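Dropping the structures in below, format is structure tokens.
One chain, subunit A, appears in both complexes that follow, with subunit B as partner in the first and subunit C in the second.
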Partner chain A sequence: MSLLEYALIGGILYGIFFALVAVGLNLIFGVMRIINIAHGQFVLLGGYGAFLLTSRAHLNPLYGVPLAVLGAIVVGVPLFRAVVPRLQKSSNPEMLSFILFFGIAQMIDAVLIMVFGADQRSLPQDALGAGSITVFGQSFPDSWWVASAASLLVLAGLYLYFNRTRLGFATRAIMASRDEALATGIDVERVSMISFVIGLALAGTAGVFVPYLLGSISPDIGNELTTTSFAVIIIGSLGNPLGTGIGGLVFGIGTLVMQTFFPSWSNLVPYALLVLIVLVRPAGLLGKSVRVT
Partner chain B sequence: MKASAITLGVIGAAFLIAPHVYGNRTLLFSMMAFIVLAQGLNLLYGFTGYLPFGYVGFFGTGAYTTSLMVLHSHLPVLLCVVAGGVGACIVALILGPLLRLSGAYFSIANLAASQILYNVVSNQDLSKITGGPYGLKIDQVYDPSASYFTMLVILLVATGLAAYFRFSRFGMALRAMNQDPTSAAMAGIDVVRNRLIVWLVSASVAGLAGGAYAWNLSVFYPDAVFTLQISVFAIVFALFGGVGTVLGPVIGAIVLYALYNAVGISAPQYFEFIYGFLIVVLVLFLPNGLMSLLARRGVRVI
Partner chain C sequence: MRVSRPVWLLSAAVLIFAGLTLAGLLRPARAATAPTEIKIGTLYASSGTFAVASQGQYQGLQYWAAAINKGGGVFVKAFNKKIPVKVIAYDDQSSTTTATTLYNQLITQDKVDVLIADFGSVLTSVAIPLAAEHHMLLIDPTGSGANFFTQKTDYLADVSIPTSAVWPVPLGKFILEQKIARVAILYDSNDFDVSQAETLKAALAAGGVTPVYYNGVPTTESNYSVLLHTIAAQNPDAVIELGYAPNDIAFLRDLASSGLHFKMTFTIFPGQLISLITKNVGAKALAYTYTYPTPPLVRFDSVTLGVNTDTFVKDFTATTKAAPNFLNAAGYNNGVIVQQMLATAPAFTQLDFHQALMDMSGKTRTLLGDFKINENGAQLGELLPVAQIVPDGDGTKFVVVYPQDKATGKAVYPAPQP
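Up next is the complex of A and B:
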């Protein structure tokens, strides 16, 4: 029984955190209908930012969060200007953005290898608290609790942003219908750009905690983080941060249960969940799957 | 039609003569493998608009099916390579429901499917059957020159298929489906069936290539035939040359693979950066590839 409890509680913590990893991807897709396949690489950039802070400046990795936000603005604004409006005018924005961001992912991977090498890097173990917290007889390191708490905070913040601020209303309007949002006088371009930057900032913020949850980071896990994020947002539902939370929980509990009972098969979880869900719900939890018959 | 025949002749002759002019047969072999993959991907993406991001899954399936057949049956190696194609075709049939998805969802689900295949094949628990993370060894049938000619035949078949897709009545139906599936269905085209046929053909081509590749290597790890890099190369090569054409993927693969060998082997991360950049530039400025440059000048491209 205690193994199962371990898997369930661990899965909840892990899952809540992966909702944070995935939610930025969800936001960017919801608003711009473009697919940021470089999402995992942006998560990694956040992680490497925190790594630089701890190894060079000996700061607490939590300073990586403001650094990620700053980085998202510095990188996101020019990147948005350079590619997004052009993509949205093209014949097939979804497919082309997919390929284009894949190119960006490759470039980030290459830069990470050149700067940091291909080795695994980790952050100082005790920086987020050296102990562990025990619930129902199962103890998990402080860093897991901090990461989940940070994730809950951010998701709650997003919820307030969407439901209490003008900008959040405008963002939701664009998600519902881009054309009608344009017609009501919303500056779609500007709101899209802000959402793009927020999406990247969320990815970077998640990245700060990834070295704790996965043990380490290395340049080659970017694509895996991206597919995992896709699994999470496809399980949950699109454009809804609470849905992403549910997706994260399903993924987290599934992964930890497999890790506990069938460790060699646990890598399959995100992929199997992804394929299963898209096949069982062909109408698409992402809302756009068409079959002509 | 005549132009296609000439193209096939030129490609065949070029790769028959090449080993006598250029000593590095391994490189020529890999180049052919990547032309086949780019062409096979072109069959699906260029003619139906479905981008199989997990295309490498079929390549790996072919490599493993062929090797397992060599190890456990007494059939001639050539038949085992054919079995590789059949194996990939069967996997594609099982994954057929993925075609219900559109656009990027299809690509991502296909990527996930190839990761599942990789994780199953390389799993420690299945070491007795698949060799797990240690891969397979079929060096008793090692034969670099026979596998070279086999790959050349597969290359000609794949290119012939592209020519068929481009110029036949079936190809016209595909083009109509690609532009507007609803109208095509109204015009009496069986959209779902045609799409499935192209999907199976494209997967089989990758499976055959994987089989011949395994034969040529004769010892390989699961990573060697399931790395995402192979999908990426196939996509970039095909896009660079121009999808939906017969010659585009061939030229794209030859040019970029030669460039990769010039820059990439010594410093792969620079090449990774360069082709990442190349993808971005291609999508923004030349979404239809090199061939569209010719087409714009009024050259009739095949």
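Up next is the complex of A and C:
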């Protein structure tokens, strides 16, 4: 029983964190219908930003969060202006975005290898706390709790943004119907650009905590982060950022329970769940209907 | 007796034909034309899981090639002359799919004379059937998966690392010698680690020890917190984690932050990539853990081929401005083995190359130790001892604790609480 409790609590913490890892991808898809296949690489950029802050400036990695937001603005605005409007004018923006962002992912990988090498990089072990916190008799390192708490805060902020701000209402309107949003006078391009930047900032913020939950960062893990993020958002609901929270929890608990009792099969969990959800509930756990194009 | 003209002509024709045929048979075979360069084909990974190790191995091979070309090239007995070597290398990005295509290109398009595999069992596994299919000898530097070496072959030779079926033999004996009865084994699900886990399990079973935990995880595993907790629930005295460098980093970091403590902890890659692991894990987390120390951490002063470990370290550092690790030494070792193979093979054929390696087996010692391969291509020499990493000032040092004839100190067992 203790093992199951440990896996459940660990799964919740792990899942909340993976909701943060994936939510930016879902936001960008939900608003712009473009597939940011370079999502994992943007997560990595956040991790490497935190690495630079700790190794060069000797700052706490948490300063990587504002750096990720700043980086998302600096990178996101020109990138959006350069590619997204053109993609949306095309006949098949989803497929074209897939190809385009694949190229961007390769470029980011190459730049990371040139700058940092292929080595694994870690952040100081005790920067987020050197002890552990016990809940229901189950102890987890401080870094897990900090990462989960930060993820919850960011997700709560995103919820408030959607439900309490004009910009959030406009974003939801575009997610529901881009044409109707245009018809009602919403500046779709501006709102889309803000959503794109928020999506990248969320990815970068998650990256700050990746070395604590996945041991280290290296240029080769970007694609894996992207595929795991896809699994999480499809389990939750593709195009519904808040469904990502549920997707993350299902993924986290499923993975760690499996790791406890059948460790050899643990990496099958996200993809088995993905296949199951697509077959049984194609819109995802929180989805209302299947989008028809 | 009078011989008629047609019979005479026929007899003459037969005699001339027989003479020419006999002359042809007795004449020495015409030597093949010597190539202007010996093409050595290999792969490396600039990115992906195996990039760090693969690049180290490739760098070692390049170092050897540069050194040998300075002296005019490698002596090739089949042509009785020195010929420069040219290394043809492609980037497989740690992908077995890409590696398959590129190995094929090296064999069929570049028509390399010597084929050397990329680092590790995963990237070597796809080269083995290709090499056999094309009747090419595959020089296998560090692909040590035991299932590669299950049948007699002329087309595979493991040259720079023992087959993983024998790696854990000293470790198993050490555990039994320490009378550790509760052992947990966590291994990655790949050829390299599975074969080690199976050998260790068998070695322990021979001493009456059955692991209290024996499970595989995906090679991509990066989160060990829950696994460590599950292992701790079995109350093991020794925890053996068999993975690649990224796994070892994640495992050791999670162990350090978990608050758990075991009397003995073993991982593989601190013994090969100590600076990388220390950089990511910290000296404190490595204190009193165990590993297989590899050259240049273990030194061989007396060698019969190439330079000894100390000279290699000195020369490599002077040339590259960086101290070598095991993978650099393994890459260099590939070179000196190939060098001797070419210098002794009587003909320039893959079968003669293989026979030359077999002839060297058991009579050769390099900076990695005794070179000894069996008819299946498995490396049975170059055995790795067991070492404990102990604190030394702000850093750590290796103390070889088993076997006794190589020991430089005694194991601190149980490991003290941090």
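Just a few scattered comments:
The rule is simple: the second predicted complex is superposed on the first by the 276 of 293 C-alpha atoms of A that agree within 3 Å, B and C clash if a C-alpha of one lies under 4 Å from a C-alpha of the other, contacts with A are read in each partner's own complex, and residues count from 1 in each chain.
By definition in this document, contacts are C-beta pairs under 8 Å (C-beta built on N, C-alpha and C of every residue); 3 or more make two chains touch, one makes a residue touch a chain.
Predicted, not measured: the structure shown is a model, and the values here were computed from it.
Aligning the two structures on subunit A places subunit B and subunit C in a clash. By the touch criterion defined above, A:227 lies against subunit B but remains apart from subunit C after alignment on the C-alpha atoms of chain A. Among subunit B and subunit C, the chain that touches a larger number of residues in subunit A is B. Contacts of A:103 after superposition: subunit B is touched, whereas subunit C is not reached. Residue contacts after overlaying the shared chain place A:141 against subunit C, while subunit B stays out of touching range.
In the superposition on chain A, A:113 makes contact with both subunit B and subunit C. By the touch criterion defined above, A:183 lies against neither subunit B nor subunit C after alignment on the C-alpha atoms of chain A. Of the two partner chains placed by superposition, only subunit B is touched by A:278; subunit C is not. In the superposed model, A:6 lies in contact with subunit C only, and not with subunit B. In the superposition on chain A, A:267 contacts both subunit B and subunit C. Mapped onto the common chain A, subunit B and subunit C collide along 134-142, the only clashing stretch among 134-142, 152-160 or 188-196.
The interface of subunit A with subunit B overlaps its interface with subunit C at residues 109, 113, 264, 267. The residues of subunit A lying in touch with subunit C in their complex are 2-3, 6-7, 10, 14, 109, 113, 117-122, 125, 131-132, 139-144, 213-216, 218-221, 224, 256, 259-260, 263-264, 266-267. Across the complex, subunit A is touched by residues 45-49, 51-52, 55, 94, 186, 189, 215-218, 220-227, 229-230, 233, 245-246, 249-251, 253-254, 256-259, 276, 279-282, 285 of subunit C.
Interface residues of subunit A facing subunit B in the complex, by the touch rule stated above, are 35, 83, 86-87, 90-92, 94-96, 98-100, 102-111, 113-114, 223, 227, 230-231, 264-265, 267-268, 270-272, 274-275, 278-279, 282, 284, 286, 288-293. The residues of subunit B lying in touch with subunit A in their complex are 49, 51, 97-105, 107-109, 111-113, 115-116, 119-120, 123-125, 181-182, 184-185, 191-192, 228, 232, 235, 239, 269-270, 272-273, 275-280, 282-284, 287.
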